Each structure stands twice: as structure tokens, then as C-alpha cells.
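Just below sit the structures, each encoded as C-alpha cells.
Both complexes below contain chain A, partnered by chain B and then by chain C.
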Partner chain A sequence: MTTPHPAITDLTTHLLTPQTKRIPLPVAAIRVLLSTIRRSRAETMMGLQAELREASDVMVDFAKRGGPVETTNDDGIKVTRYLLANRSHTALTSGTHLFLKYVTRASLETPDFTLCKSQVLERGTRFAEFSLAARDRIASTASNFIREGSTILTHGRSSVVEALLLRAATVEKKRFKVIVLEGRPDAGGAKSAKTYDAAGIPTVLILDSAMGYIAERTRIDMVLVGAEGVAENGGVVNKVGTFALGIVAKELGVPFYVAAESYKFTRMFPLNNADLPEVKSEEEDGAGLRLIKFLDTLSWSGDGGGKSSEAQDGSSNNSGSGGGLEKYLVDLPKSISVENPPCDFTPAKYITLLFTDLGVLTPSAVSDELIRLYQ
Partner chain B sequence: MTSDTAAPSNLEDPSNVRRWLQTNHPKQFALLDNFEIELRLGRFSSTRDASKPGAHQGSASSRYQYGRDRRLITTRTVELVRAIIGPTRWKTAAQLLTLLRGLGNELHAAGGYREPAIGNVLRRIMYAVRDEADHVVPSQSSGVDDMEKIDELTEHVSSKLRVSTGKELSLASMLWAHPQHVTKHSRQPSGDYNDRLRSDSMGSESGIDCWDANGSNIYPPHFYSRRDDLRQSVMEAIQEMMSELEDLHKNINEQATQHIHAGEIILTYALSKTVELFLKAAAAKKRKFQVIVCEGAPHFGGHQMAKSLAEAGIDTTVIHDAATFAIMARVNKVLLPAHAVLANGGLIAPSGSNMVALAAKQNSVPVVTVAGMFKLCPMYPHEGQNTLNDLISPSSILDYSLMGDPVLSEVELVNPVHDYIPPQLIDLHVTNIGGFQPSYIYRLLAEYYHSDDWEAFE
Partner chain C sequence: MDSTTPTNAAEAPKKEKKKPDNIVIPPKKPKLSKAERRELQERQRAAKAAAQTDGGGDAGKPKPPKIEKKEKTSTAPDESKRKLKEEVKKEDPTENETADEVVALFSHLPRPKPPIDIHSVSNPSIHPVITTLGHLYSTHTLLGGNTRCRAMLQTFALLLQSYEPPQTSRDYRHDLDHSLLKPAFQYWTAQCRPHSVSMGNAFSFLKLAVANLDRDLEWSEARQILLESTEAYVNERIEYAGKAVSRHAASKIQEGDVILVFGRSEVVNRLLLDAHRDGKKFRVIVVDSRPLLEGRDTLQILSRAGISCTYVLLNALSYLMMREVTKVFLGASALMSNGSVLSRVGTACVALLAQSNHIPVLVCCETYKICNRVQLESITGNELGDANDVACTDCERVGPSNRWSGEKEKKEEVLDDWKNQPNLKLLNLLYDLTPSDFVTGVVTEVGILPPTSVAVLLREMSPQENNDSAFKGTDY
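What follows is the complex of A and B.
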């Protein structure tokens, strides 16, 4: 195997290091590009830009493949981990595009190459500081929307949504209830639920498929989700299920809010889910992206030991090495194809408002902001 | 906020404003007091404009009379602000902004919350102050460090590229890593959570903390330097605002014939001066159309409205509110009055209007609102139907004499004043500066108010 592109090495280090793991993808991408500049031996602006474009393309391609990394597991066997399997590369693209635009602008501003390069680096480090400041700004402008005694339905694991809800609960001392969708397949919602619970927010965790039921029955007051990327038409790309949630909210007349930092605004104009850049969801190499496991969790009673329901479980005949879970896997024949989209696109008509660090925006304001930048 | 009790004469905290005026400017203080009393008593509809033709008499008894001339209240507010900030001794833009915010809080507490327009004009004046203060950055700032130089250079270049990278937040200003993107939101209650975030994000950054160096500086540094020309330019801005208010109806009514066509049937709800004048303006231009007026129970402003329209020779029909749906099928256009236009393009209108808007949607009848720009409120309907709403005495629903009835006295009566109408039910807002779709309102907000002034008065 050839040595990976240094940008990929940087990105994987970012994604694997516990301290930097939860840095938003666009910011991580910008950091990688900054170190690309530091490494660069280009002598001209054109050369530098070409290197940056290459690094950007390589990263996007890496994300499209789900972010495969070779690691060794506990038993010392080489396995492939997919770091970005449940992410959309749009998040990455928005970061790199923004940065490339910035470099172009900087080169117009400062024709001298070395001066420009050092200035880009100096200012670039500020970029990296954005994410927390932006998140904080969103939290303080949008927490007004969280009303005392309300019930909020949320989906996916978004650091912005978490910051917003935690602020409302801990700083502003509002009492409200959060209902979190589980967030298959990475249980992002369940992880978020722990955060809310630790902050003392009454939290209910439900299956993704219960969204319609719970939204109608508990009379939720609002839906609040994060975003991987925000399209020019005001629609958002987010964890799969957001689209369905948008439809549910619209049908029930519940406001649907999206919290996202403005660096997630992307110059793309999808009209529906078919327009999303293709995600290789399947059959790259059998095990590869068929990451999703279909598990009969109801029969599995937790401690891995076989229980009475085991006998009914005709399909799981691969009770193998003893981890316990395997025998509850539904053994699927090859003829059933599995599709596992990590993200979906929710068109602007389902979105009431976007909470961004540029303020609370209507979906139509997104294109305005993008045009002002990329005109 | 630390209120300095030792020196009541300083203008550093909005909550000091009342005391500051009292000690230093008793005359202006008396003006403010008078205004507040009138505001509390809801007297504005019957004071100065009683002599004006077209003023609605006999309605002054009710505090919530639709068609009460909001423009008058707005004008009086601007006059008051002019009278207060004109002669008083503030020195810097920051002090003036503090004074204005303090005034806003005062008026809000005195019942201004019922009239969002009061807060709106104050915010507009604050925007004018910021604008003027930013206009010429004082030259005495000799010790500019490199970072600032770069900022200036950036601004220079990007103005060439016609990108606004000013002090407003935008993607472009973020691209240039302007300090406002990295520094914290200026006004937040301090708490552990924030402090932690603050220390995290500020990190070891240098050169960016000029904005928020000691926490108390909520305005950019050059707002704290003395500006003698500021008074003149702010007074000019206020004068402009006054003339805009004077021409308000003229500018709205110029558009009347664009929206009201010959032979159309227009439905309107209850009483509104703006709508009334709008319809009359169309009639004055020889348009023949029919108006259906919903009576607007329980205040029945529609009756007055119908009378006034009929006097102007307009073919007018009054229906009871419950007949709205039945009549909607034959209506060509719905014209709604506004109490306030919200940041998302939604509308606060007389209670019952939401029903009219829904009936219009069901029948695909366009809904047009008529409102002066001073009704544009930089706030979102956080509270749904409770937004900017008020529950008032049920005397208009039920006669008090009936309350002696032991059964009736157990009955609860709810009498909300307003309705919130979501933006998707509205097709067009007609204002004194033109017609706008609800989805465009956010841009008008950016033109009229500074985002740091959005914060509600309290």
C-alpha cells in the first residue's frame, strides 16, 4: 500500500485523538489545510493554491469513502475502521471551500508571497478558534426560543444543539424536557442523551422509528437539530432521519429549528436527496461499508448469555466466537441489499428558522450570506 | 452590570439613566415623567390628535382601541427622545447609547411593551448613533498595533471587492477573521459554563481582546472617545426619522392602486387607521371596489371602520366575524392591519386575524398587510400566540352587571388583544418603503437596527 497523503494522516490523527475528536469537521479540515501550508515548499501563490486544492480533494475523497483507516484490534488482527462512515463530506467541503476562498482573497490583498503566506497562517489560527465562539454565540442568541416547560425533540449528536440546550438549562435555569432519538447506527442520540441527563435535563430516549408516535402523542413544542452542512437554498444536510423528522414536524405544525455554525454554509444547491453528492453506501468490499448491523436487541438480554428467546431466533445461526452479540445478528442472505445512507437532505420548506452565529436566519437568508462571500 | 451608587451622575449603566436625568437635567426629567404618565394612562389617542380630522372620537375610554393612531405615539416618542438627548450633557457615543437604552427600559416599564413601535424607534435612533460614531473614526488613535493595521488594510481591499466586512457579522467578515467572530457575545449572564467556554475559546489569542478587554466595554473602543460633532449628526438623523413618519401614510398610500384593482372585493378585519387610509386612497383615485369589513368582536372596531369607509363613498359591507369563512370564497384579497411585524416575517394583528388568514389560505386568497416600517420589530415569536400579546379586562365580552350571577361568576373569561400570524400565511407586507415578502424581512432588519440593539428593553 502506498503511503497516504499527508493531509489524510493529519485528518486521521485529528479524528483519532481524544482531545480533537469532537472538533467540528469543517474546522478540522481548515486545520489540516493550515498544516499543509506550513509543510508546503511552493514558491508561488499558484503553487500553494494547487497544493491546497489537492489536499482538499484528497480529504473529500477520503470522506466519501467513509474514512477508512487500517488499525489493529485487541487481538492484533488488522481491521479497517471507518472514521467518517456516518458523516457527510459536505461538512468537510464547506470548511475547505471557505479556506480556499480566503487564501485567494489574501493573495489579492498581499501580492508578496512570503508575507501573504505568513499572514494566512497567522489569521488561519484564528479560524480554528471560531468553533467555540460561534457555538457560544448561537447558544446565547437561540436559547430564547426554548420556553419554560416546553418539550423539545432532537435528533443526532450535535455539539451546537448540546451547547444550546445546556446553556438554557444550566445558565438560564429553564425547565424543559428533551426527547432524543436513538440515532442509529452510531447511537449518537443516546450519547447526547447522557450529556443532557448529566446536566439535569429530563431526558427521554426513543427509537428512531418512534419519531412520529412521540411527536404526536407528547405534543412536542419544537424540533431542534444540528447540521452537517447548510445548502445555499437553506436546506440542510444532517444525520439520516432528519428529513423524516422535518416531514413529521410540518405535518404536525411544530416549528423545526436547525442550529448550525455559519462555516457550514456550502455552495451547493440540492433540490432533493438524489442531488446529494453520492455516498458509497454499499458493497465496496462486503464487510466494508456494510457497517450497519441488524440486531435483535429485544432477544438479547444484555449480559451476552443465551436466554429463552434464543430458540425462536432461527435466523441467527452464526453463534460463533462467544462475544455473545453475534447470535442475535439477523443473518441476512446476500440477495438482500442493504443501504445505509449516513445523511439526508431536508429541503428549506421544512425548516422554520436557522440558528447561526450570524444571527437567527430564515432559510432564504443563507444564499444571501453565501452570495455576499462568493460573489 | 455594576451600578455605581456613589456617583449617580455617570452614564455607564442604563439603570442609572433616571437618576442621572433627575440630578442633572430636571427639565428633561419632567418631560420623561409626563410622557410616562400619559403612556400609562393610554391617553395618546385623545390628546393632540383629537382635533385632527378623522380621529376616532368616543373611543378614548378603551385602552385597546384599534385604529388608535400608533403613528402619533411613535412621533411623540421621537419628539421626546429629541427633547431629551438634544440639550443633555452626554459626551461619547457610548454614553448616548446607554442613555437611549435606559430610556427604552423606562418607557418599556411604563407600558411601552404594549406599543412595540416605541422600542423600535429607540433602536433605530441607536442604530443612527452607531452609524455616525463609526462614520469617522477619530484620528487620535495613534497607537495602532499591527493587527489593526491589517484589519484596516483588509477593510480597504474588501471594500474594493465590494464585500461588506464591516462590523456586522457575515460570512465574509468571518473569512477575514474579524475579531467579532472570535470574541464572545458581549451580553451574557456570567456563569461557570460561560466562563469555561470563554477561557477555552480565548485561549492564548492576542490582539483580539481589544473588543472585550475588561468585560464592561460593550461597545467598540472608539465609541468611548469624545465626539463633539456627534450631537449634530444624530439630531439630523432624528429629523430624518420625523419626516419619514410625517410622510408615512402618503408613502404607503401611493401604492394603493397597485394592490387594489377595479371590481375587486377586499376583506379587512376590525379597525385600522393605516388600512382605512389605504382604502380611501384607492377610492380617491377613482377605483371602484367593494370592501367587506369583519366587525372585530368584542371591540367592534369594524363598525367604525365601515362607517368611515362608507362616508368616503366606498361600497362597504359589514359581516360578523364568524361569517369570515363563508364569505372568503368570493373575496379577492385580504388586507390586514399590523400591531407589529416580526423578524421572521410573521405578524401581530388584532385577535381574530389569524382565523381570517387561515380562511384566506384555505381559499388561496392573497393576504396583504399594511404597516409603517416603525412596526418592524427585531424579535422572533418565541412564545407563539403569546408573543407581544396581552390579556385585558373581559368587560368588553361580558357586562359586569351579570357577574352577580353565581354561576357566571365561576366562568373564566379570556380576552386576548392580539393574534400571531405565521409568515407562511402572509403574501406581502406593504410598507412605506415598498412591498416585501415575509422572507425578505430579515434584510430590512439588518438595515434598520444594529444586531447588538436587538435585545429587548426591560
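What follows is the complex of A and C.
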């Protein structure tokens, strides 16, 4: 194989290094683009833009394929790890596009290229810092919406939502309850629940399908989710299940809030869920076995399974070792096809407000911001 | 000098213009007893009835003459202006229908004007192309925002080429405005058909272009500049905008789509033809409505290009919506700043039905049709059509494409004597307003936007300082 694009190497390093692992993917991509600018030997603005565009495209393509990376695992065997498996690359695309737009926007006045390049670098660094700080900014502005004694329903594993809730609990010392949807198939919600519990927030974990019942029964005060991408019409693309949650919230009269950084604003305009661009959901791994497994966990735990807590890594529900899990797997013949979309689209009419680093916005303000930026 | 009645205002000498002409100060009323008052009322009513049976006359309120700036330098334009005002008053269009025939709720709306016999116009100051275009407007030969606007600009271009500013003028721009542009536009609006938003915006642009001309320019140069800017306007804001709309909308047309369109819209036709040319497989349902039946032209255009079409009238809409339609594309006459859409009557029905069936509605409109008005419903701002078109149900005779097919033998209609029926009035509205809630997206040359962003576009289109992007919040 030819040497991978330097952008890929940088991105992989970012994703694998423990310190930088928790940085959101788009911000990591923006840092990669910054190093592309530093490394660039282009002589003109157009050349630089072309290099940046190429680097962005390469990274998006990498993310689309699931980010396969050759590494050696603990036993010294070469394996291919899928770093970005089953994640939407919408935020990555929008983040890099916005970066390109922002950075090249004010660079038309200076004729001297080196001065221009340093300006571009400066703007880019500011953009990266701004984006990194976005999460904290959202946490501080939006925590006003979390009132004492309220019950919050959340879905998916969003670092922005986590930052928000943790700040409200630890810094502002508010007392509230969190109900988390489990988040099949990657158990994202379950992992978030642990984070909340560690911070001392009373947490309830429920099955995805129980959202309607619990929402009405326990009289939740708000629904709070993150976003992979915010579309021009004010709707959001997020983990599958958000759309249904939005409908439930609207029916029950519960406010539905979305916490998203502004670099997730993208110019796409999905009319409905049928209009979303195709995201290939990895149905089978290398050996042709289905990635999604269907398990009768009720009988399995009744049989004494799951007693020893295994550290599960990765995002797919692979058949674990021990506990006799295999006999509780529902064995599906090949004639049954499984559809596992990673994300869905929630239209603007179900969204009450968006918590962003630009402030608290209504869904119609997203287009306003995008028009101003892309003018 | 106090009381001036409207009919004398125009003849009053110019120097007596202390008050604006459209304020009528009635003479002091003498005190009458009850019987005298009743007698006076009876006399007035009889006189009114007599006047109406004669037809025409001054029974209704004649239009107040426009306030004109004083023109000291040249008298010739004044003369022609005065003559034009007289003509406007003489052929007062409100007398086409008596008060009984007009639905009270819509009586404030402009009514159809009778087409003026072009051979009988004697006013020399009105160029024949103006009257010709006016005739085309009033007979509904030219329909559609883009068509009417283009025709208007072409006519202005013709007029500009033959126009020469008078020798004694101090400012040719002023003359141009007063003797050419304004009278022509007023003639079309007052005598022929109220102007569309597209025409209004284009006219404002033209006036602005005239005002921006350098005062000391030679007329031949100025004329060249004006002609070029008019052509640029048509090219950029109508032609290229239409192509851009088509490109943006193409991303929303998918294989196997069933697309519903209503009436005839130039932009929608173009985007469907382009998508078909790019090889996309879809089919179209054309919805039509009486009395204009513009959908037949759409049907012809699309099916000739090889797109498989279905044609229905408006009453079949609910069945189709629930079953087959995947997307709706609509045209617009104007976009209001709150995102609501002014379009051919019937459009609101289509949008409402689509919305309630969760079918996305895309309104395709160029940005030059954006109006800074806000309109909430279809009653305050609309236009009335000829009520007789509603009465005649023979679809072969009505419809603009049929108007020149000659006078076919008129069949007996149920509503032929509707005017004689007490308590019966016919209403023919030309436009309706689609609220922004029914619109999923607006396709403009700038991109696909939510309807709430029309106000943003309006703000961006007006010149202002360049405000930096989304990251204004932090201090840079």
C-alpha cells in the first residue's frame, strides 16, 4: 500500500493518542487542517485552498469507510481497527467546510502570500480554539435551562450534553435527575449513564422502546440531545431514535432541546428522513457475519449470565466471551435482512431550541447564520 | 379658496395648489328639516338610479388625480400629463360592474378593466407600444410574473431607444422619469391590469438606475448605460436565477419521484425539463383549475419533452395526494417577507393538502420577486378577475390559450343570466396566499432555504456593511 495521506496519519494519531482521544472528531480534523497549512508549500491562495480541500476530502472519505487502520493489538498480531465505525461523518464534513469558508474568507485583501498565509493560520487557530471551547461555552449558557428538581431525558452519547449536565451538577450544584435511553446497538447511553452517576447525578437507565411510557409516566421536564449535524432548515441529524423521541416530546408537550456546536451547521436541506444522504451501515464484518446481534438478555441474565463485568471496547455488540452468551443469541437465517441506520433526521418543527456556542437559537436562526457565513 | 371638488381640480390653475388635490372639503351643509332631508335623499337616490341605467357617468368616486411636482421648465409634459389624467377619469373602470355585482368583502380589490380598443386611443403622448402591451396585459394574453416583467422591460428598452429629452430640460433624468417611465407604468397599472410584484421590483430597479446616472452625461451614453443595466437585470435576476434554481432543485428530485405541480410556472417547468434531460426518471402530475386553465400549457410543454404526465383538475387532489405524490413543486408570483407565498389561486389548497399528508412542498422563486410586505391572508391584497369567466363553464372557450381561437358558437349555460339573479354574485379571484407553515422549503438562486429565511435574504440584498460571519460573539 502506498503511504497514506499525511492528513490521515495526523488524524489517526489524534484518535489513538489518549490525551487527544476525547477531542471531538471535527475539532481533530480542524487541527489536522491547520498542520496542513503549516506544512503546505503552496505559493498561491488557490493552491492552499486546493490542498485543504483535498485533505478534507481524504479525511471524510476515511471516516466514511469507517477509518480502517492497521495496528498491532496486545497480542502482537496485526489487526485492522475501525476507528470511526458506525458513526456519522456529517459533523466532520460540516466542520471542515466551515473551516475552509471561514479561513479563506478574509484572505482576499493581502497581495503578499506569506502574510496571507500567516493570516490564514491565525484565523484557523482561532477557529480551532473557538471550536474546542465551544463545548464549555454551551455548557455555561445552557445550564440556566436546567432547573432544580427537574427530570431530563437524554439519548445517545453526546459529549456536549455530558459537559452541560456535568457542569450543572458539579459547578452550579443543581439537583436534578437524568433518564438515559440505553442506545442500542452501541450502548452509548449506558456509557453516559456511568459518567453521570460518577458525578453524583441520580440516573435512570431505560430501554429505547420505553421512551414513550417513561416520558409520560415520570413527567419529564425536558428532552436534551446532541447532534451530528444541524441542517439549514433547523432540523438535526443525530443518533437513530432522536426522531421518534422528538415526536413523543411534541405529543406530550415537553420541550425538546438540542445542544450542538456551531461548526456542525451544514448547508444540507433534508426534506424528510427519506431525503437523507445514504450512510452505509456496516452490516457485516470481514468474515461475513452480521455485526448486529439480537440477544435475549432477559433469559441470559436469568441464567446467571453477565455476572462478571467484562470491559467491552468498540462500538459494536460483538458476541463476548464467557457467560454462555452464544446460546441466547437469536440465530437469524440469511433470508432475514437487517437494517441498522446509524442516524436519523429530526425536522425543525419538533425542536424547541438549540443550545449553541453562538447563543441559544431557534431553529430558524440556523439558516440566518449559514447565509451570513456563506454570503 | 377653500372648496374644490375633484372634477375641477385638474382644470384649476396650477398656482392655486395650496392643498393637495385629493382632500375634498365639502361645502357647508344648510340645516334641513326632517322632511326636507328625506326629500333630498329620495331625489339623490332617483338621480343615482337614473345615472346607473345610463351607464357610465360619475356615479362612483372618480380616481383622485396624482400629486404632481411642479414643472417650471417645460410645459409640454404637463399637458400630456393632464390629458392622461383626464383619460384615466373618463374611462373609470369601476363602472364596468355595478355595485350589486361585486362581493362586498372583496370590493376593495382592483377589478378587471375592459380592454381598451387600441384603434380608438387618440392621446399622442402615449406611445403605441405602451398601449399594445397594456392590451396584452388586460386581455390576459401575457400571464406570469416573469413574462410580464420581461415584456415590460423590453417595452421600456424600445421606448428608451426612441426617446429624446427635450431641449429645455435641466435634468434629463427627471424628464425621463416623468414623461416616459411613470406615465407608462401608471397607464398599465391603472388602465390595464394591476402590476405584479415582479414588475414593481423591476420598475423600482429601473428608476434607481435612472437616478444613479450622472447628471452631466450625454443622453446617448446614458441611454446605453440604461439599456445595458436593464439587460443585465433580465439576464442575472431572471435568466441565470432560473438556471440556478433549477440546479438547486435538481438535488431534490430522486429516481421514481412522483412530482405534483400546479398551474403554469416558468421556473418549475424549467427545472423539470432540466432534470429530465439529465436522465432522471420521474413522473409529473399536473393540477389545473378553472377559469385560466394554465395547466394545459404545462402539460403540453412537459409531455412534449417526453416526461410522463397525469392531468387532473383541483377537485381530484385529495385522492392523489394520499396515494402517489412524493413531492410538490410550486411557483410563486411573490414571496412575502414573513415567508408566505402569493401565487395563483388554488396554490394554497395544494400546499395545505400536501402538508397534511406529510409531503414536502418546495416553492421555486427567484429573489427579485421578494416583496418587503407582510401579508397574512388572501383578502387584503389580491386581484379580481372577470366574473363572466366563472359563469362560462365551457372549457373550450375559456383559458388564455383559447382566446384567439375565434368566437366559437356559445352554448347555453346555466349561469348565463347570473346578473339578473337576485342574491347571486360570482367571484373570480386571481391570487391566494399560502402561509409559511405549509412550505417546507423555498428554492431560490441562493440555495434552498426555510421560509423563515426570506426576511434574511431581504436584509442581505439591501446594501449594508459587511458583517463578519457567525463568530461575532467572541471579541476579535
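By definition in this document, the second predicted complex is superposed on the first by the 317 of 375 C-alpha atoms of A that agree within 3 Å, B and C clash if a C-alpha of one lies under 4 Å from a C-alpha of the other, contacts with A are read in each partner's own complex, and residues count from 1 in each chain.
As a convention for this text, a contact is a pair of C-beta atoms (placed from the backbone, for glycine too) under 8 Å apart; a residue touches a chain by one contact, two chains touch by 3 or more.
Because the structure is a prediction, the values reported are computed rather than measured.
Q: Using the superposition on chain A described above, determine whether A:100 touches chain B (first), chain C (second), both, or neither.
A: A:100 sits against neither chain B nor chain C.
Q: Applying the touch criterion given at the start, work out whether A:353 contacts chain B, chain C, both or neither, answering first, second, both or neither.
A: In the superposition, A:353 contacts chain B only.
Q: So, does A:232 touch the first partner chain B, the second partner chain C, both, or neither?
A: Once the two structures are laid over each other on A, A:232 reaches chain C alone.
Q: Could you tell me if A:244 is touching chain B, chain C, both of them or neither one (first, second, both, neither)?
A: Touch status of A:244: no partner.
Q: Which partner, once the models are overlaid, touches more of chain A's residues, chain C or chain B?
A: B
Q: Is A:42 in contact with chain B, with chain C, with both, or with neither (first, second, both, neither)?
A: Neither partner.
Q: Please indicate which partner A:204 is in contact with in the superposed arrangement: first for chain B, second for chain C, both, or neither.
A: neither
Q: Please work out whether A:252 is in contact with chain B alone, chain C alone, both, or neither, and reply first, second, both or neither.
A: After superposition on chain A, A:252 lies in contact with neither partner.
Q: Per the contact definition in the header, classify A:119: touching chain B only (first), chain C only (second), both, or neither.
A: In the superposition, A:119 contacts chain B only.
Q: In the superposed arrangement, does A:364 touch chain B (first), chain C (second), both or neither?
A: A:364: touches chain B and chain C.
Q: Using the superposition on chain A as set up above, list the residues of chain A that contact both chain B and chain C.
A: The overlap between the chain B and chain C interfaces on chain A comprises residues 101-102, 105, 126-127, 130, 262, 265, 357-359, 364, 368-369, 372-373, 375.
Q: Across the complex, what residues on chain A touch chain C?
A: Against chain C, the touching part of chain A is residues 101-102, 105-106, 126-127, 130, 232-234, 262, 265, 267, 269, 271-272, 275, 348, 357-359, 364, 367-369, 371-373, 375.
Q: Mind pulling up the chain B residues that touch chain A in the complex?
A: Against chain A, the touching part of chain B is residues 150, 153-154, 157-158, 161-164, 169-172, 174-177, 181-185, 188-189, 191-194, 197-198, 200-203, 205, 208, 343-345, 380, 382-383, 423, 439-443, 451.
Q: What does chain A use to touch chain B in their complex?
A: 98, 101-102, 105, 108-109, 119, 123-124, 126-127, 129-130, 132-137, 140-141, 144-145, 147, 163, 166-167, 170-172, 262-263, 265, 352-353, 357-362, 364-365, 368-370, 372-373, 375
Q: Can you check the complex and tell me which residues of chain C touch chain A?
A: Against chain A, the touching part of chain C is residues 252, 254, 327, 358, 360, 362, 440-441, 446-450, 452-453, 456-457, 460, 467-471, 473-474, 476.
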